[in-house]
Amino acid sequence: MEGYIALAAGLAIGLGSLGPGIGQGIAAKGALEGMARQPEAAGDIRVSMILALAFMEALTIYGLLIAFMLIGKIA
Amino acid sequence: MEGYIALAAGLAIGLGSLGPGIGQGIAAKGALEGMARQPEAAGDIRVSMILALAFMEALTIYGLLIAFMLIGKIA
Amino acid sequence: MEGYIALAAGLAIGLGSLGPGIGQGIAAKGALEGMARQPEAAGDIRVSMILALAFMEALTIYGLLIAFMLIGKIA
Amino acid sequence: MEGYIALAAGLAIGLGSLGPGIGQGIAAKGALEGMARQPEAAGDIRVSMILALAFMEALTIYGLLIAFMLIGKIA
Amino acid sequence: MEGYIALAAGLAIGLGSLGPGIGQGIAAKGALEGMARQPEAAGDIRVSMILALAFMEALTIYGLLIAFMLIGKIA
Amino acid sequence: MEGYIALAAGLAIGLGSLGPGIGQGIAAKGALEGMARQPEAAGDIRVSMILALAFMEALTIYGLLIAFMLIGKIA
Amino acid sequence: MEGYIALAAGLAIGLGSLGPGIGQGIAAKGALEGMARQPEAAGDIRVSMILALAFMEALTIYGLLIAFMLIGKIA
Amino acid sequence: MEGYIALAAGLAIGLGSLGPGIGQGIAAKGALEGMARQPEAAGDIRVSMILALAFMEALTIYGLLIAFMLIGKIA
Amino acid sequence: MEGYIALAAGLAIGLGSLGPGIGQGIAAKGALEGMARQPEAAGDIRVSMILALAFMEALTIYGLLIAFMLIGKIA
Amino acid sequence: MEGYIALAAGLAIGLGSLGPGIGQGIAAKGALEGMARQPEAAGDIRVSMILALAFMEALTIYGLLIAFMLIGKIA
Amino acid sequence: MEGYIALAAGLAIGLGSLGPGIGQGIAAKGALEGMARQPEAAGDIRVSMILALAFMEALTIYGLLIAFMLIGKIA
Amino acid sequence: MEGYIALAAGLAIGLGSLGPGIGQGIAAKGALEGMARQPEAAGDIRVSMILALAFMEALTIYGLLIAFMLIGKIA
Amino acid sequence: MEGYIALAAGLAIGLGSLGPGIGQGIAAKGALEGMARQPEAAGDIRVSMILALAFMEALTIYGLLIAFMLIGKIA
Amino acid sequence: MEGYIALAAGLAIGLGSLGPGIGQGIAAKGALEGMARQPEAAGDIRVSMILALAFMEALTIYGLLIAFMLIGKIA
């Protein structure tokens, strides 16, 4: 049984960074290209970019939370 | 049996952040590029972006909810 | 048997947020870019965006409903 | 046996929202961009968008129907 | 045996809405963008769009039909 | 054995609507965009669109035929 | 053994319509867009489109043929 | 053993039409768009299109050949 | 054992036509569009297209060769 | 059991670098193209790029953390 | 054991033509479009195209080599 | 058990180079195209490119680290 | 055991030509299009193309090396 | 057990060349197109291209290293 719980923890964090990882890249690309096109709006764009990246970071952190809880069941 | 429940929790949160993660990235890209093109509309776009990101965040939170309920069945 | 029911609940909500998550991102991108191009139509676009996001949110909520019903069968 | 029926219900609704979820996003993007380009045609476009989204919503509702029928076989 | 029949019903409707769901989204996008570009042709385009969506809806209804027939074999 | 035959029927119609569903969407998009660009050729394009959709519909009907034949073997 | 033969028939026609279905959609899109751009060449394009669709239809008919032969082995 | 041979025949023709089906669609799209752009070269393009489609048709016919040989081993 | 050899033959030709099939379509599209753009270079392009298609045809023929050798081991 | 725990560690870090790896590439592409378009904003863009890359790096580091914890359970 | 060796041979050549097949198509498309754009450089481009196709052909020939060696182990 | 640990090591490094490999290619493409567009900024771009590539290289090195630790458990 | 070693050799060379095959095609396309756009730089581009193709060829040769070593373990 | 170790070695190098192979192709395409656009910067671009290709080559070499270590455990 513990093997499956470990596998579940591995998949929770392994799969859980796939979507947000790609998403953060797409969002950051938009922000960085926007800064190059409008350097005077760079500050405003950077704040919004960090806000968006934080939303996506949270998705993986939920996976990390579940992985921790599952590992706590192994010992 | 508990191994499968743990696996279900891992998949619920692991797969459950895949779509919203990519989606948030696409939405944020649109917003950040829009801010660079129309800096004076940045406030309005940012509010709408947060609204859209919250809709997508909710999708993963449903998965988190199911994962918590499943973990509660393991002990 | 209960392990498979749990797995079904995990897949219902895990897979069930994949399509709507990506779809909401695509829709929101269209709306946010449109707001940047036509700031005076922003209110109208935002209402339509929320309408469209709600349609997609519903798809995942169906999955959540099935997941709840399945979890109710485990105990 | 009941485990497989539950798995079938989970896949029916989990997979069944994948295509319509992405499709609704693509359709809504077209509508929202169209509204930004032709604000005076917004009412007409919104009606057609809702019509198209309803067609896609129906596809997932068929999956929901099958999932309900399958869950009814478990008890 | 009945578990496999249920799984078959779940896959018939789950997979069966994947292609038409994406396809309807692509078709609707074309129609909605066309309406925004040629508002005076909107009525003509809408009729053709409904016609095309109905063709795709039929593909999933075939899957629904098979799923009903399979569920009828379970009891 | 009957479980595998049912699974075969489910896959025949489930997979069998995937390609034609996406294909019909792509074809319909081309037709609907064409109608918006050349409204006076709309009648001619619609006839050709229906012809093309019928070719694709036939592909799924072959799958439906095989699914019916397989279900006939179960009873 | 017969279960595997049925599965083979289901895959032959299920997978066998995937490529041609997408391909026919791509080909038809090219034809329908071409008709909209050159309405006076519509007759010529439609004949070539039907020719190309027939080539692709044949690919699935090969799969149908194999599926019939396999089903003939079940009884 | 015969079940695996049947499965092999099904995969040979099922997978074997996937690539050529998509490929023929891409090739035909190029030809049909070319005819619309240069109607006076239509005859020349159609001959080359048929030539290319025949190359791709041959790829699936190899799969059909193997499938026939495998089915001949079942009886 | 013979079932696995048959499966190997089916995969060799089934998978083996996937890449070349898509590749030939991409190559032919380039050639056919080129002919429409430069009708006076059509003869030169067609010779090069046949050369390229032959390279790709060879890849599938290697798969066919292996499939024949494997089938020869079954009897 | 220890084999599954090792597999979980391998998947946690193997899958866990997939999304962030692609995402960092997309983000860096946006930054590097932006620097080429606006060399005078290069410093500002580079700082934001490092910030974004650090967000994505963190996602994989969560996976690394889980992998370490899982390996600690093997001995 | 011999079944697995045969399966290995089938996968070596089946998978081994997938990448080079798609790659040759992409390369040939570039060459054929280039010839249409610069007919006077056609000879130079064709030589380079054959060189590139040969590099890719070699990749599949490595797979063929391994497949032959594996079939030689079946006896 | 040792077989699974080896498999875990293989997957950790095999999957672990997939995302960063694609990502480095995308990042390098952006840098190399930028250098061609702005040769005088080449030095600045190259430094940033190496920085970005190093971030991605690190992701695979984490996988390598886990693979080494796992191999150390086999002996 | 020898069956798995053979399978490993088949996967090493089968999967190992997938990425480089696609990559060489993309690289060659860039080179061949570049030659058509700048015929006087053709010699320089061809040398660089061969250099790049050799890098990618090496990746598959590593796979071939491992496949040879594994086959050497079978006898 | 040794079969799984061999499989791990095969996957390490087979999967391990997938990402870098595609990545090197993308990077080389950018370099070769850049050389065609700016022939006088060709030397500078080529040096950077080799640098980038070496980074990606390293990723596969890590996989090769693990594969060698795993093969050393078989004998």
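For reference, chains read A, B, C, D, E, F, G, H, I, J, K, L, M and N in written order, and residue numbers begin at 1 within each chain.
Note that in this section a residue touches a chain if its C-beta (ideal position, glycine included) is under 8 Å from a C-beta of that chain, and two chains touch if they have at least 3 such contacts.
For clarity, every value in this text was computed on a predicted model and none was experimentally measured.
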Task: Turning angle required so that chain F lies on chain N, C-alpha fit (0 to 180°, nearest 5) - done: 155
TODO: Please work out the Cα centroid separation of chain C and chain N, and write it as a whole number of Å.
DONE: 38
Open item on the list: Could you work out how far the Cα centre of chain C sits from that of chain J, in whole Å?
Closed with: 27
TODO: Could you put a whole-Å number on the gap between the CA centroids of chain C and chain G?
DONE: 33
TODO: Note the residues in chain N that touch 2 or more other chains, in rising order.
DONE: 2-4, 7-11, 13-15, 18-26, 29-31, 33, 35, 37, 49, 60, 63, 67
TODO: Pick one for the touching-chains graph, please: line, ring, star, complete, other.
DONE: ring
- [ ] Beginning with chain F and moving on to chain G, name the chains as they sit around the ring.
- [x] F, G, H, I, K, M, N, L, J, A, B, C, D, E
- [ ] Write out the stretch or stretches of chain L touching chain N in their complex.
- [x] 2-4, 6-11, 13-15, 17-26, 28-33, 35-37, 39, 42, 46, 49-50, 53, 57, 60-61, 63-64, 67, 71, 74-75
